[in-house]
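In the two complexes below, chain A is the common chain; its partner is chain B in one and chain C in the other.
Moving on, here comes the complex of A and B:
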């Protein structure tokens, strides 16, 4: 028995046995934190290039403001101000991401001066016509899946996540490559019941911004339709000091310019 | 012991075989060199936006009172926004070439002519908790979807019925809006120094049932109205006090002004009139089941003596109940129930002359909206239907639009009116049923 321990110890020292130093839930929590909760708030300009299987391209440009309610990696507010395409220019999409119930969403239509409350949709539908889902942009609750570390290598943990409610999602499971030093998911692959890869996310570029490693270029590919979306972040800033009232009807109607530049 | 060693070796082998090594993203290899790139946009000294579109439509049937072409226009919208230190200036104006209307002289109140100014205002915050918007602006509040109780800002029913974009249902107001933000409760005060009427159905574009004349009427005999138009005395005042309780948004409303479309007639001059009107209302909106529900009510207090006067619209109670939810991915549905109840039905009936049309006390309307997005949201199909079981009439709006490119859209649609009687609310427009198509370029 003692020998067995020695063997295992030696093997694991060289990193060849998947005995992880970290609990899987810790890995997933940290990955969730660095993906969606760095700093108390944040601002980024986003450019999306949506490319279909025929190579036709659509462009979306928006500024996204985000503020966390507290430090528990829970409730958050998002303010998304559109610049492109021209027909949605000055539109604002606002979301309060709730933990215990469906998100609250509003849309401001400047041509009508209309603040519209929109029914929380399936989180796994396209965000503004791109290959990213709402859930990819605002985060998927870590308690919605069971997680296990499949493997780890020098740079990544490879985590398999299986949904608790398989009817609510289009995939059977997904695999995430979570970077060990930064805990950024650098690749995520979604599989169907037959084990076919249906969608995949790749972080393409990472920069250190205000001390936070940040993905500034990423892609989402749909392997079933052959389309993909490239997302680029610029003018990223953390701890902007966004006031709470930015996320209210007042600033849907009156653009908070100084935070959108 | 052997079993354990074998297991360990197998594990090692299996790991080697399936080693899921991937290429790391740019910047992750050497964290110390990560640095943010900065780019500066080159831009005009002001923000410019707008569109150019052509829109043409025809009636689906002969209409003795109107042209066959229901809409035919070329429209250029120019929007300019300029920001100064603590003040923003907005200007949005449409330039229109329209061969359908007979009258081409320009009138900025009614939007008639080659230019329709939609916005010309300044926005500023005189105090930290106050926002002001002064000048020509589009104003909207309330919870209805194409149904309005407490939103008494001008509507352009002509635009709505002939197939212009939905945003043209809202006509501009020349107003001063002061918004106070107290935190939990907020207050909007809107002052309109000179009454802004709806761009109502007057016959020049759409035929309607003329109750005085007892028949359909159109461009040969457009409505002549005596519109209150004295600055600072024929004015309007609107207020909204609102606040949220958790996810539920509540509001109280008040309006003091005039019926927005003609709701009376001067017996001597024969001119259509806009009787005085006060409205007291309330609304609540928030999550219900898996969607969004809303209830809105309003008490319409008409001019003094309205109950006994057959020529002035009576006081009313109005109710709207709405619910919207996602039916499937990219497919949304909503339903509404709308009620207009005349409050003095007995007096109303007693006041009517012999042979006059007798309206029921209640007008019930149900609406359904279905919206489907396809092809990465480039193709949009939408249907909106109003149906009134009390009037036995309705109005179906159909629209299909496809984005050829990000800034180029083709659109086709229909406005179909139906009903048993030619004098009911939607039934009177039967001969105006139309289809249209548009090509729209944004910049």
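Moving on, here comes the complex of A and C:
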């Protein structure tokens, strides 16, 4: 709660003009934009701490590169390069996010000298053993759910999203607290069909980077298994000028060192 | 003692009021906290405990280890639901059955106390498979019920292809499915099962649902335990009443021993509960043990009173005479019985200790109530009602068949003494052979009768699946090298990776670091700082060095080492070959399966990859599934401890013990890499441990009580030889019984183990009465020949009545639904009858043969 307050305080300094009585789809679109599409491209170093119900901790470290195809908040690409744990160093996870069909995903396993495409059947599986899902990392298509504003207060829109295909997901609906000034979702809660909270996401820290409000610390908690994952972003940069060819199968094996340093 | 009886004779009413009041207080003290637990929280309520784990005390190292590992590997006790379909050609792999199973799994997830995320059912586990060229796929095995039978079959094919599911979720014949429902605590399994049964009843299919698992067995056990107490104890009461009525022909008189028995049982059980002890499988037998023992002394008093009353024709005088004659033997038989039971508190098994202690208390209470209430009761009856009372002395010897039979037996023991002794030696030799054949074995599921639904489910599931009995084999790497040694290796490595400049850093941070991980972390931070300023070419070599540093630390992760995983695989193959294991599941199976699926499901790739990095990659791939936490059932996140889950088809301790020996042998023959050691946990293992403790503990308890009773006998008879003589019939009896157990192939299990100590204190009673009366009577006659005729009169009849009452008194245990109670019932009756017979044959035969030395000083 204290964290949330701090974030709101920080956000209020960004001086983004407050909006009111907005259409729900506008809110969701803007939230989607600030979460995944700020700048033409971006990079960040991520430190991930996976803490299980018994308090045991595992660490992952990776660099994430992102490039949008155009300014329509549509197709985009991700390149995730692992530094830690040392025994999976150079492992790469790559996504081409499509709008009209399921995303293309690749995994490069250097130790096995293997490039694998991951079938797109289900993106709600764990991202490298963390409490985040693949879909949390690359973003969930806004057209996959129906949205409604449940509540609106001074700082947030509280949006309820209900999946159109309930069989494709493990939740019944989720609620997002979308900050009015920045449109960053500061909290997301997932509920099962009995109305029990099963997972929750929190933005723990927001910084203004290259003019973009950016979440630099976040957590995802699983209330069923217990435990949570903390993500810390550092060396965040926008409009790096990433070339397109990085996001090809060839670069899975050949590290684009320049952009990963 | 006589003082108590005297007081009771003079104030009979007061004694009955006191006893009644005592019973009432006990009942109130137990009832208040049991009915209103919150209001009377300072009192102990009635607590039932059916957990075999409690056969070991809470702080027992094996149990502490078991619970610590369970927590570490996030394992829970499981209810196993097996679904079998005999009518469909595809077994349960048809649309309708799978739809029901899908619904059941959904339903089970929301039952209170079920760990939904760890539930294993077709709809909750992942299928890993190649999804076409260059694609690996994770998907729920059965996200939705199949739309037709063909899809049902494809679910089967997928599951059978995954070693972790085949034989576990899908039966080996591919026709049945099992669901594994983990629960937070064993004591809620009854409710979980009841809810499941309600749901299953909604299904209109011809599928058979079998529910089993050790926690279910335990919970059902608790329910049946009450049935035992509710049926057997009152039945024993009625039987004993009828027998005594038959012996003494006067219903109103034999009410008194019944009152003694009731008051003794209520007081003892009350004491047990209010002192905070739980009612366990052992302590639930306390009432049925106290009941027959409680009436023994009453029988002696009534027997003697019955015989002597006609001579005195006065209650007070008769009672005074009777109490004088019986006080010593009654006191001694009570004490020996109490000692026999109390010796059980020497065993290391808490429930057995409680049982022994409280039966001992009950026996002493019963003695107190007997010497007070029986005379008091006689005094409360109108004098006229004794007018026609007693045995007509004139036809005593001819009228009753028992009397005639005993007379004959007396003559036989005199005439055929040598023959009897020879027969004893022959039988003892046979018993010796039998004892050598005893098989120590137990299995809590077999405590139910063979047609019980739990046994039926147990058979049905173990025929089809890899096994419903779980045991866990923990492997653990050797202790880590000391930090200084780690640092030395680190410095050498840094130099060979062109990082000589960091060697000084190692020495600089070493004094402030606690472990290798911290040292590497701090060093990494320094290296990363340096890397920010170097050129691209230099950066690459720094990056390589940084990777090396991480790998150097990674060596401590024992279970990412391919050599270790291959060793585990060999161990598992060996386990499978022993035939004792239905199936084993381990980290090595996970790695091999993922590796195979990464390489297009190619059978030849079902193997451990060559390098640590490749192993790590298969593991991280596995964690991309819906259930990444499943990995931590097999290994700790630091990869220092690994757990092999063994499914056994048999929960027999004998089989588990054999398995443990085999594993020890494997480690001896195949030295493990990285100094890996092994240990066990799991309920099947726990059962073996408490059984071992029980067997050795019982031997100690038996020897202990044997010596104490022998000393008491020597003291009572003021003679070493008479003392030893008193011990002979029960020694022979117990030897014979265990010989028979060995010869008929009955397992030496929990109830059989406790029998020796149980019966010791009771069986010696007959010898005490026989020898005490024989010695006393021998004073009045010139030789044993004449004495023996007298001894085989009233004393032998009293003993025989006792044998019959106690022997039959335990019989109602046969009506109990649980096997251990039946075993105790059969064998304790057998022991007591045999001990009575042995006392009435071996003792007179020995006295006949050693008459001279035995009566020299008398």
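Here, the second predicted complex is superposed on the first by the 238 of 261 C-alpha atoms of A that agree within 3 Å, B and C clash if a C-alpha of one lies under 4 Å from a C-alpha of the other, contacts with A are read in each partner's own complex, and residues count from 1 in each chain.
Assume contacts are C-beta pairs under 8 Å (C-beta built on N, C-alpha and C of every residue); 3 or more make two chains touch, one makes a residue touch a chain.
Worth saying up front: this structure is predicted, and the values here are computed from it rather than measured.
Q: In the superposed model on chain A, is it clash or fit for chain B and chain C?
A: clash
Q: So in the superposed three-chain picture, is A:156 touching just chain B, just chain C, both, or none of them (first/second/both/neither)?
A: first
Q: On the A-aligned overlay, A:89 touches which partner chain: chain B = first, chain C = second, or both, or neither?
A: both
Q: Quick one: is A:245 in contact with chain B, with chain C, with both, or with neither? Answer first, second, both or neither.
A: first
Q: Looking at chain A, does chain B or chain C touch a larger number of its residues?
A: Of chain B and chain C, more residues of chain A lie in contact with B.
Q: Counting only touches as set out at the top, which of chain B and chain C does A:99 meet: first, second, both, neither?
A: neither
Q: Between chain B (first) and chain C (second), which does A:182 come into contact with in this model arrangement: first, second, both, or neither?
A: Touch partner of A:182: chain B, not chain C.
Q: So, A:25: does it touch chain B (first), chain C (second), both, or neither?
A: In the superposition, A:25 touches no partner, neither chain B nor chain C.
Q: Look at A:107 in the shared chain and tell me whether it touches chain B only, chain C only, both, or neither; answer first, second, both or neither.
A: It touches chain C, and chain B stays clear.
Q: Please work out whether A:194 is in contact with chain B alone, chain C alone, both, or neither, and reply first, second, both or neither.
A: second
Q: Chain C: which of 5-13, 131-139 or 149-157 bumps into chain B?
A: Only one listed stretch clashes with chain B, namely 131-139.
Q: Would you tell me the residues on chain A in contact with chain B in one complex that are also in contact with chain C in the other?
A: Common to the two interfaces on chain A: residues 52, 58, 84-87, 89, 109, 111-112, 114-115, 117-119, 121-122, 124-126, 128-130, 257.
Q: What part of chain B is in contact with chain A in the complex they form?
A: For chain B paired with chain A, touching residues are 1, 4-5, 8, 11-12, 15-16, 18-22, 24-28, 31, 34-39, 49, 51, 83, 88, 123, 131, 137-140, 165-167, 169-170, 179, 181, 186, 242, 247, 249, 285-287, 290-292, 294, 324-326, 329-330, 332, 376-378, 403, 405-407, 409, 440, 442-443.
Q: Where on chain A is chain C touching in the complex?
A: 52-54, 56-58, 84-89, 91, 107, 109-112, 114-119, 121-122, 124-130, 134, 167, 194, 224-225, 257-258, 261
Q: Chain B touches which residues of chain A in the complex?
A: Residue positions touching the partner: 3-4, 7-8, 11, 16-18, 50, 52, 58-59, 84-87, 89-90, 101-102, 104, 109, 111-115, 117-122, 124-126, 128-130, 150-151, 153, 155-156, 158, 175, 177, 179, 181-182, 184, 186-187, 202-209, 213, 215-217, 227, 234-236, 245, 249-250, 253-255, 257.
Q: Give the list of chain C residues in touch with chain A in this complex.
A: Against chain A, the touching part of chain C is residues 71-72, 74, 110, 116-117, 126, 131-132, 134-140, 143-144, 531, 536, 539-540, 547, 549-551, 553-554, 557, 560, 595, 598-599, 609, 611-618, 620-621, 623-626, 628-629, 631-632, 636-638.
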